[in-house]
Structure formats: C-alpha cells, structure tokens
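As written, the chains take the letters A, B, C and D, and residue 1 is the first residue of each chain.
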Amino acid sequence: MVKMRDWVEEINERARTKLGIGRVADYIPALAERDANKFGIAICTNEGEIYAAGDALEPFSIQSISKVFLLTLSLRVYGNALWERVGLNPSGMPFNSLTQLEAERGKPRNPFINAGAIVVADRLVSAFATPSKHLQDVARKLSGNESILIDRRVLESEWQHRSRNAAMAYLMKAFDNIDNDVDHVLHSYFSCCSLSMSCIDLAIALNYLAADGHAHATGEPFIAPDLARRINSIMVTSGMYDAAGDFAYRVGLPAKSGVGGGIVAIVPGKFSVCAWSPALDENGNSVAAQYALELLASEMDARLGR
Amino acid sequence: MVKMRDWVEEINERARTKLGIGRVADYIPALAERDANKFGIAICTNEGEIYAAGDALEPFSIQSISKVFLLTLSLRVYGNALWERVGLNPSGMPFNSLTQLEAERGKPRNPFINAGAIVVADRLVSAFATPSKHLQDVARKLSGNESILIDRRVLESEWQHRSRNAAMAYLMKAFDNIDNDVDHVLHSYFSCCSLSMSCIDLAIALNYLAADGHAHATGEPFIAPDLARRINSIMVTSGMYDAAGDFAYRVGLPAKSGVGGGIVAIVPGKFSVCAWSPALDENGNSVAAQYALELLASEMDARLGR
Amino acid sequence: MVKMRDWVEEINERARTKLGIGRVADYIPALAERDANKFGIAICTNEGEIYAAGDALEPFSIQSISKVFLLTLSLRVYGNALWERVGLNPSGMPFNSLTQLEAERGKPRNPFINAGAIVVADRLVSAFATPSKHLQDVARKLSGNESILIDRRVLESEWQHRSRNAAMAYLMKAFDNIDNDVDHVLHSYFSCCSLSMSCIDLAIALNYLAADGHAHATGEPFIAPDLARRINSIMVTSGMYDAAGDFAYRVGLPAKSGVGGGIVAIVPGKFSVCAWSPALDENGNSVAAQYALELLASEMDARLGR
Amino acid sequence: MVKMRDWVEEINERARTKLGIGRVADYIPALAERDANKFGIAICTNEGEIYAAGDALEPFSIQSISKVFLLTLSLRVYGNALWERVGLNPSGMPFNSLTQLEAERGKPRNPFINAGAIVVADRLVSAFATPSKHLQDVARKLSGNESILIDRRVLESEWQHRSRNAAMAYLMKAFDNIDNDVDHVLHSYFSCCSLSMSCIDLAIALNYLAADGHAHATGEPFIAPDLARRINSIMVTSGMYDAAGDFAYRVGLPAKSGVGGGIVAIVPGKFSVCAWSPALDENGNSVAAQYALELLASEMDARLGR
C-alpha cells in the first residue's frame, strides 16, 4: 500500500518540526536522560501490515500505556465485577490527585488514573503470583517480540520516588479497596509501568483494540468484541490525562499516553498506531506524538478514503 | 427499509418495559406533571428517511439538549475564540457544581455543564438581540417544523427556581467571564432550555451532526464537517452529565440528554436518533431512553450490517 | 492614668514605622483612594476612660467589623436559634469562598465570613424593616456619636461590585437558607459594611464585649454577660479571616478586622481597643493595626501589671 | 480549699449523668473495649494543689493529647523555625483529611491535626534517637509519676490500622515535608499516642501551660512564658478537632482532646484540668468530659470569684 507508506513518512517529517517543544519527564532520572530529539511512529493495520518511520524500533518506557494492558488483563479475569472497585467516568482532576479519591471513599474514577491502575494491579496481584511477569509474557505474545523486558533501572527509580503513589495506595487501603500488601501492589504496578517497548511493539500488541478483540500476532481472539469497543470508549473519555476532552476535540480517536512519551491510538475496524517522542506538554502528553496523531486523524478520510 | 422500521418498533416495545423505573424531574412543577409512561423514539437517516415509534410526535421540554444548539450557534459566530471562555474537558463534577468553577477562576470545564452553557448564552446575547428567538428560528428551520415554541410556563418556572444558576452566573461575572447583565443572560438561557420539541423534531434538527454538518431539512451546509466531528467528540466525553464515561462504555455514541427526558445520539455518517421518556435515573438521564439507545447501539452492526 | 496615655502614644509612633508596607484595598474605588499613611488607635477602658493617638478621630469604612454588630443584634433577636442558620466553627477557607458553602449545603461556617454575615443580615431583614438603619441607630447610641453615617459612595461601589457576594447569596437561597429577596438582603448587608466610624467610635461602641455586655455609653446592659464572652470566643477562632490562628498565636486577643483597615480587639474585663491604618497584608488585615495590637498584647502585663 | 474539693465532687456527679451517651472509639480493638461508664476529673492549681474525683487515677490512652507534648518538645528544639513545616491556623476540615494537605502542598494547617503532629514527630525523629522514649521521660518528670508507660497493645493496634496516617505521611514526603523514613516516623508518632496516663498525671504534667511555662513537679521553668501563652492560643483555635469553635463558644478555654476520651483544659494563671470518659460524640470528643468542662467554665466565676 504505497500511499500509506508515503503518508507515514510524511507524518514523521512534519512531526519532527515539533522537536524542541516541551520537556522530557524528569521526576525520575531514568526518564530524564532520554534524547528529546527522538520521534517514531508505527501503524499496524487489521490486515497485519506494518508501516513505520523514524525511531519506531527504539524501545522506550511505556509508563501509563501499561494501564491499557492492566485493564484488559483484569477484565479478562474479573469481567464487570471489576467495576465494583474502580469507576468508569472521567476524573476531571490531575491523574495523581488524592482529593477526589478521599471524597469518593477510595474508589478511583477510572482505570486510567494512577489510583485506578493501582486498584487494577491489586486485583491482578490477587489473581496472579507475579502480575508483571504475566503482563510481560502477554506483551511478548501480543507483539511477537520475545525480547521485551522490564527496565530494572526505571523500576528502581519509580520505587525510590513512590511517595505520592504510596499515599494513594494507603488511602485506598484505608477504605478497604486494596486487598494485598501495599508495598507488593506498588512494586507490581511499577514493574508494569517499567516495561520497555517500541512503537512497532505497541502498535502490534494493541491492535486487538482495532480488530474487535482479535490479536494480530497470535491469530486468536484475545478479548470479546464488545469488550474491545468498551475499552476504546474509556480511552476516549479518560485516556489522555486532563486533556481527554481537548484531544477528543482535536483528534477524536481512542488513545492512551504515557510520560515516557508514547501515545497509542486506535482507528476501530482499521488500524492501531503508536507515536513516540520524549518531550511532553504541561498535561504530560508528548508534543510531537500528539501532533502526529492530529495530522493522521485530520487527513485520514482524504488519504485513505472513507 | 423494512427492517429498520421493524427494529424501531421492537426497540419501542422493549424500552417500554423500563417504564415505572426512575423519577420524573420535580425541581419545577411544569416538568413534574409529565406522564412517566410516555416513550418515543425517532431516527433520521442521512438520506432523509424517518423511522419513529411510540410518542415520537409529542413535544417535550428539550432542556439541556438546547446546549447542543447553543454551542453550535456560538461556534458559528465565534469559532475557536469561544474556547477562551469555556473549556473542552470533562468536568468530573455534578453539572451544577460551583466548586470547580471557583477553583478554575470562572472558566467552566465544558459547554455541556450549566455554567458552560450560561457562558455560551452570554456570548450569544452579545451577538444577537434575542438569542432564544434566534434559536427558535434555527430549530424551526432545521426541523422543518414552524410550530416549535418556547413553553412560557416552563420558562416562568425555571426563572422562579433560578437561584443555583444565578449563583453560577454571578460567580462567573465576578471573574469577568460574563459580559452582559446576569438577569438578561439567565433569561435567554432559560428560554432556550424551555423550547418544546418532539423526538421527530430533534432527530431531524440535529441530523447535521451525523451528516458532516449538512442540514437535512434545508438541504444546505449548516456547519463545517470538522466542526460537526468536534461537537460529537464533546458529546462523547461530556454529553451525559456525570455518567458520560459509563454511557460511553455501554453505548459508545455521541449523545446529549436533558432532564425533560430526551436523549439525542449520533451515529456519524449514518443517522441521528432521539429517544424520550420522562422518568430519570439518579444522574438525570432518562431510564427508558438510555435503554433504547443501548439496545440500538449493541444491535446496530447485526441489524444494519457494518 | 498617665502611663496608659504615654503607652498609647508610644504604640502610635512605633506602629507608624510600618506605614508603607502592604496595599490599600482596591476592589472598590471608594476604598482604594484612602491615604495609606494614616494610622490611629483608641482604647476605651471599662471605667470609661478614652486613650487615643494618631488619626483616631478620622472616620473610615468599618467593612467587616460590622459583622460583630450584625451578630450581636441577631443574637439579641433570635438567641441560639440563630445557630440553625450559621455555624460556629473556623472556616479554614478564604472569607468569600463558595466551595465549602456548597459542600455544606448552604450553611456558612461562622458569622464572620461573608456568607455567614449575609445569612445574619437576612435574619435581620426578617426582623427589622431596615436593618442598616437599625444598626446605624445602635452604633450611634453605643458610641454616643449621633453623626455616624452610612457612606453612600462606598455603598454604591459595593453594590456595583456585588457579583461574588451575590453568587454566595443565591447559592444559600438555593439551599433555602435565605428567606428574603436576595437583592434586598445584599443591599442591607452592604449598607452595614458601609458605615463610617472612627477608632474612638468603635472602641467605645464595642466596649460591651470587654465589659460583660454592659454598654459604656448608655450605662445599660446591652447583652448578657455569657453572650459577650461567647462573641469574644468566635472572634478568637474566626475574627481575622484566614489568619485567625496566626493572630491568636501572636496576639492572643479576640479581634475583628475589616478591609477598610480597622481592627477591633478586646481585653475582657479591662478594655476595648481599635487600631486603624488602610494598608493591608495578603490576608486582608491592616499591617500597622496588627502590629499595634501585637505591641499592645505583648507589653500589657509589663505596662499595666497583671 | 474546701469549696474547690466540693465543687469537683459535684461536677463528677453531674457529669456522670451523661454516661451512656456517645460511642467508645472502635477503630482499634484496644480502645474499643474500654468501659464507657468510667469518668474521672482532676485539677492541678498553680499552687500545686490537686483536686480529683471519680476515676481520676485510672490510666487511659492519651492519644491526641500527646500532640500538646509533641508540639512543646519541638518548639523547645526548633523555636519558630518549626512553623516553616506546619501552619498555625484552624483547618476547617476533619482531622485526618488529605484534601487540604494536597491543596496546600504537604504543609499541614496546624500541629493538632494528625498530619501536623506527624510532621512534628518527624522533626523530633531528626532531633532525638527515640522521640517516644524522650516524651515518656518528659511525661514522667512533668507528672512526677515514674510508672507512666507506652501501652504496647495500643501501639501494635495503631500500627496495624495505620493506612490513613500512612497515606498522609507519604503525601507529605512527596512534598519533601517529611525528612525521615515514613515507617520510622509513624512508629514514633503512634508510640507517643499510646502513652497511658491518668487524669491526675495529665493535669499535673500540663500545668506548665497554666503557669506561664513553669513546671509544677520539677519546680523549674519548662518553657518560656510567651510560648505557653501561644500554645494555649493554638489549643483555643484548633484543639477540639472540628468542634473548636463550638467548644470555644460553649466553654471558652484552651483545650486538647483525644479519642481515648481525655480532654485537658487550661485556665491560664489559675489551674490545669483533665477530664476523662471513653464515650465520644460525632466529633471524637468525650461527651461527659466536655460536659464537665462546660460546667466548670460556666460556674468558675461564681464558685471561685473572679
């Protein structure tokens, strides 16, 4: 598909004009030292074609993109019972705020804010001996890349700077919404955040959200079609931190970002895409990756036909 | 299109099993006396076909559905400059809360909470002598129904019970985000909320959101295609009061509800739909109308083909 | 009492070293134009002796000091029933915040924040045709000064800038905690704030709080002794806006300040004092008047004997 | 002083009419099992006379009364530099709330809410190897009772139920307002809360607050007179949890309560008093002990002369 290949190259070039804007996440040293001039993009179509450009093969810390995996795995185990522990609605507050969590008695608004993902991690700790090992296995299988690893340096750094996440976890524990030992849950959660994957890995691994739950790499159904549709809906309302509405207005695709600079977006029925560049805007979303997705969404109809 | 006709009839029958659940809005007498056993549904396809069942011809108070009209008219006048006055992101708080409004210095989160719609009404008061008259004209033209009226009894009742909305308007005025006289702005806002329209009126009038901005009844472009797409995005993230995420998870369509019991939803590229039944759940959304839309969304692929 | 006279002169001189620090209130023009270099102080002992220095005879806008009069008059009419409408505890939030008021369903924390004083004013509107006229009469009688007036220019300016107070009043109305017309209540409230009195007027008028409820100027009991003690307690916990605890720590006396620059403090059993200087700190309390009261409190034992 | 002895006996009898009202703290088992029918009261005059009645010799868990000791010890070490870490103003929120702590970037409002006392404990951990051992020594010296002990069962129980306090401590650590290891600080804090002392112990030990900082049992100055006055001021504005203003209105004395059922109050220049009864009102203050102090305050002038 020649025109897709050209288009991805063109987006790569245009998105790189945004390099130099924004700031690399610096709350932990292991993230702060990433080169702000990197940019990569990869598309995985539902037919299994891969189109990639720029630094699309370079692994980066997936950070909050792991929340999509955590949610998917937990829904596979618990189904709708999961929603007794975590809500479904936009938070309207910063992703690591305790105020709403206290007012709502320890039930986080949704699985894509930190508190929500920690609750989901606690659910997985109850179900699997080592959830991060399980998630690593799943990420390898879904992407077909057996070399995917947890970055121990990032993990150690996250653990050292765990105070705010620990505050949230203990607050939820005080409301009986964490079943397991707080330190154990946090360690599992940070391990998942510390997975290193490339744009190509992520575009392939999360293609099941574009393909009605069908996993491209394994050739098997990974989740039910309605579940894929529903996870996409949560990505629309809550996937981009505080900027969910703004991103929905500009781009209009289900998406999930991480402070490592990656953003995954879904075009249901068509393809999954991952863009990455380390420098972030004030909402914690990659400047160049957002711009790439904005270009992609606004030109999609014209380039690919409706 | 026989199967569409049958399907709408079937949804009408199944949704009526929910009659008896929920409570009719009773904050003003004019709404409280509506018969809780009414239910109607109407679909308007982008080809101009109308499929309707139940009480689809009965006018009801559109209430917050007017916020979609207010937003559209204001974007037509001000374009993106509107977003200097009102945000784009989900609120995460009740639709009439003052707490967030105070913390964010009088800039409402989005145009679909009351404070946001009041700011939009203030913008229209600056642009039109009588915005509610203008909106009534537009609603008539878009629906092709010249008998659409503002319900004076509802309007009077809203005015009598204006205290909380007045509190929000004065707070925004204190932050210089309301330019005109507060009483005048509120009266215009309540007039728009007090329009009476039927399911058929609304499905036809708002079809431009399904049809890339093209107005079915007038045969002319009403707004630009990208603007239609963007308004739909705000409806996804913020259209269903506090339950936006929950509704997105279950139904997955752009939608806007009103405490009169109506809900409009959009299937972009295909059709607009309006369901109505007066009894509401605790979030202020019609129980039976939500159920009807849930049936419609979950069976759409099977019934209509993808 | 020669040493008292010398001491007050000395405080006057030392407090004037603080002139030039802080900012005159500028939210309304009528206050903004006051000369920041004014300073006055007056003491009224329970024996009726007056010691004054500096600009102690110059009338200024009493602003929030009127809340002490409003509370006293309302307790005289309603007794403890007043506490069904307004609380007794420190607010911990800015004096004009709506957040707490919303969370606590329209019942203000205490009568010394704006919302609380507006509720008290509503109580007085229910009891007196013109509460501000009544308050002016009481202020004249208690101070023995028949020339005390409401400053119409200040009143007009307050009314023009009423938006935030109107927001609070309408919010309380929405919770049924305001019985009368909001505009009427606000006008009465602003009228009371707009009284002009001098340091000497205020020290004499509020001496009843130092003298177990006995009014110096009239020679009669004005309120019961335990009521005087209780009003003093509210002044300790809530009299100095956000800085109540800080002021209690540094000065330790019941006090009430106003953005006109006046502060009244009480030494129970001994004397009342009023200091005034227009420039305010970031909490809205007069810099030089606070300093004068700090000097007075810290040296009182040494100067006057215990 | 015969009349004092009779009066204390009388208060004992009258306060016991309140036994049966309220609930014993049950968040930890060690507190929950205390007999709700206990009541004791002890007064220690500045001349060193002790008047006691009821269960005044029975040790109970001092809980938050330890915050007065923590504050005093920390002010002795750090002086006013302490106020860079913790504020001085009333909180206006529940004693264990995280919302305000987050909004104010980890600086607690005052040293008498839990977060504030944890910060003070962290200061003492920096100054002393084992702050709870130091506090136990001080409590023994000040009360002249060498048998005062930390209740290990209470301590263990507090530790098991530490989640909410841990959440607060980690949140403050996230804002760099805790210097030491969170577990170590919490353990020290709980140890201090777990001291067991009787009404007589506490009345004697805290008499320095009534006696210008002079310690009755040691015959030596313990803190400077102005520091004693200032600690009393914080007790007035913030000593009774959420009910500080209400208590100030009814009783008007500096006081500090604990969920073990004890309340210490100060009559500056005259005496210190401790009342105790395990059953608490909804604010966490002992019902019978509060009533005893209310009787004491309202009759003090009549009984003892002014």
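Here is the rule we go by: a contact is a pair of C-beta atoms (placed from the backbone, for glycine too) under 8 Å apart; a residue touches a chain by one contact, two chains touch by 3 or more.
Owing to the predicted nature of the structure, the values given are computational and were not obtained by experimental measurement.
Looking at chain B and chain C, no chain is in contact with each of them. Chain centres here are means of the Cα atoms, and by that rule the chain farthest away from chain D is B. If each chain is reduced to the centroid of its CA atoms, chain C and chain D end up 32 Å from each other.
Note on chain placement: the centre of chain A and the centre of chain C lie 56 Å apart, centres being C-alpha means. Between the Cα centres of chain A and chain D there is a gap of 48 Å. Among the residues of chain B, none is found touching two or more other chains.
Listed by label, the pairs of touching chains are A-B, A-D, B-C, C-D.
Interface of chain C with chain B (complex): residues 97-99, 102-103, 162-164, 166-171, 173-174, 182.
Within the complex, the chain C residues that touch chain D are 87-93, 100, 109-110, 226, 229-230, 232-234, 236-238, 242-246, 248-250, 252, 269, 298, 306.
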